[in-house]
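The structure is given below, and queries will be raised subsequently.
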Amino acid sequence: MYAVGVSDHIMIAHSLQGETFGPAQRLHGATYEVRVEIAAPALDADNIVVDIGLLRTALRETLAPLEYQNLDELPLLAGANTTTEFLCQWIHTALVKRLGARLDARLSVTLVESPNAWARYAAPLA
Amino acid sequence: MYAVGVSDHIMIAHSLQGETFGPAQRLHGATYEVRVEIAAPALDADNIVVDIGLLRTALRETLAPLEYQNLDELPLLAGANTTTEFLCQWIHTALVKRLGARLDARLSVTLVESPNAWARYAAPLA
Amino acid sequence: MYAVGVSDHIMIAHSLQGETFGPAQRLHGATYEVRVEIAAPALDADNIVVDIGLLRTALRETLAPLEYQNLDELPLLAGANTTTEFLCQWIHTALVKRLGARLDARLSVTLVESPNAWARYAAPLA
Amino acid sequence: MYAVGVSDHIMIAHSLQGETFGPAQRLHGATYEVRVEIAAPALDADNIVVDIGLLRTALRETLAPLEYQNLDELPLLAGANTTTEFLCQWIHTALVKRLGARLDARLSVTLVESPNAWARYAAPLA
Amino acid sequence: MYAVGVSDHIMIAHSLQGETFGPAQRLHGATYEVRVEIAAPALDADNIVVDIGLLRTALRETLAPLEYQNLDELPLLAGANTTTEFLCQWIHTALVKRLGARLDARLSVTLVESPNAWARYAAPLA
Amino acid sequence: MYAVGVSDHIMIAHSLQGETFGPAQRLHGATYEVRVEIAAPALDADNIVVDIGLLRTALRETLAPLEYQNLDELPLLAGANTTTEFLCQWIHTALVKRLGARLDARLSVTLVESPNAWARYAAPLA
């Protein structure tokens, strides 16, 4: 198994819905370091999993609509409870659309929300 | 697959038994950064894997009896050769007791013992 | 010169006022890792600059009113343009009040706002 | 599953062949942080996956022939397009030779090439 | 004293001249994480030391001519022994040209060349 | 001002004397990441502050007598209350002996004891 990963970050505001979230029900915010990794069973003719420049660009374009936004008022996310887990999956889905499906590959998206907490979503790149 | 992780740390003294350990057979110590991650196939109604506050508290309570202790003299660990691998598993078992079993979830415990060494134990949350 | 430092973090929402800030004029947010350091010319009878537990508690209590808040609506910060530099200084002032003045010591407050940007305010602990 | 990991680093020059690589086709260089991890289903009589001193030494010896070299002119790598993915696998193969095969264990080699990019190769320790 | 900092990175090849450098006399390379910080005694009307977007752009433009280059053959650095210390100062000088002199401010440039080595040059922003 | 820094680490046991230290009065331990930096006003003929290999070796030799030790029973430190601040100064003194005095240079020694606490001692390299 080969893998390639790149990271970027976004700064957003949001609030979480549900008593479970305690003070995080208030409007607050986060810097998310976004780490994405593509794993595949073989390398291509260039000895790579994926063109890292292409992956970096796809990630930046995927994150752009979230950057410096209040997620509570973003039409793109209307009605969603934007937990870190949810955002991992939302970015995963958006990245697959940009990169195109690859049935043999797996895409993992990790959001680091603070020096001691993070979430991840991993599923086939499809 | 979704996952959520949190980290904390402890500072302990101990010695390791067996020639394999060379100078680490002497009484010495470590700061362990403890990183725990729960992975599950689906989110609950709140769009989370687990309540992160609950996970953080469970981890703190699990680590408390080890904090600022000499593990060689801790009744809780009597007779154990407290390698980093062993401590990962001990914390795993103690965390499962606090969190309760979840047959569909997997718990991973990583201890980072220095800027260039770490160990991990991962098994079902059960 | 001796120094002791501790770190903590907060997650907040805010917006910045002024064309200079471009898209950061929109309501967004940040995780700030807050690193504070006290420097002094000599150690006390306990061989320390300051009781690290006391410093950690003072920092936590100083940050508590900002935690999970929208700074734009926080009476405590009414009228302020809450840039990272400003927040460093605000925390500095609040920490001095909690710790008490020490004419020979210097307090530095650093806020890391993303993997590649930070700000700092340093001045006498007075 | 138990795992143990250690890290080291090398500083090398190389160029990449193929239009995909854009400016990285020019002779340039990298500091690679090399993180290796061995995972196994059980601990040995010493409560460890592998002697960490032995693993550290094997990694150092494996990296030594690459250290401070221009990979484009290294006979050891003649004809190879030395992408980060390729180097992960090359180090994996060389480490297995030093450590000896262990059918029940898995070896993962990660190269971190910059603050926001990395690659990995993971396969049985055999 | 207020300060603002941003970081970026470059990947270069070079060799060092002089017996002091041992194996680093061979053509090798490095990923340099470049951390720059501007310190000033007061904030401007926007509550900032410097426009962080402007600083980030100035740093990127300063680093661009070094990116993916073999410094031994770069006319810009002809005749120089490109130690990490030297590169810190070279980047400092180039950044001052882009940012313009500010007599009250100080600019510090740190290059992190590996997980355990770095160099810095700090001088007035002039 | 130019500076060069290197880091290493040690794993030790110790206890702290005095009610101030609360639970840290018990025998416990720490992994200390040790970061040392030499600052000087000018570079030598090789464009460096100090030979980094020489600095690394001097640091390793300075730390060796502390490595895997219980500081409470180390004759070298007899009678000392081995706080992090004290250890910074002790390492500073020992490093100056190995490196030799340089009247124009300043040596800073930082010990990172956990992900959120550190201490430092800085004084002339003399």
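By written order: A, B, C, D, E and F. Residues from 1 in each chain.
As a working rule, a contact is a pair of C-beta atoms (placed from the backbone, for glycine too) under 8 Å apart; a residue touches a chain by one contact, two chains touch by 3 or more.
Please read these numbers as outputs of a predicted model, since none were measured by experiment.
Engineer: In the touch network of chains, how many steps separate chain A from chain D on the shortest route?
Structural biologist: Tracing touching chains, the least step count from chain A to chain D comes to 1.
Engineer: What pair in D-E, A-B or A-C shares over half of its contact pairs, by residue number, with C-F?
Structural biologist: Comparing residue numbers across D-E, A-B or A-C, the repeat of C-F turns out to be A-B.
Engineer: Between chain B and chain D, tell me the centre distance in angstrom, where each centre is the average of that chain's C-alpha atoms.
Structural biologist: One centre to the other, that is 27 Å.
Engineer: Please tell me the distance, in whole Å, between the geometric centres of chain B and chain C computed from their C-alpha atoms.
Structural biologist: Each chain's C-alpha centroid was found; their separation is 31 Å.
Engineer: Using the touch definition from the top, which residues of chain B touch two or more other chains?
Structural biologist: Each of 7, 115-116 in chain B touches at least two other chains.
Engineer: What part of chain D is in contact with chain B in the complex they form?
Structural biologist: So the residues of chain D in touch with chain B come to 1-8, 37, 39, 43, 46-49, 51-53, 56.
Engineer: Which residues, counting only chain E, touch chain D once they are in their complex?
Structural biologist: 7, 9, 11-14, 23-24, 26-33, 67-70, 113-116
Engineer: Given the complex with chain F, which residues does chain E contribute to the contact?
Structural biologist: 18, 20-22, 80-86, 88-89, 115-123
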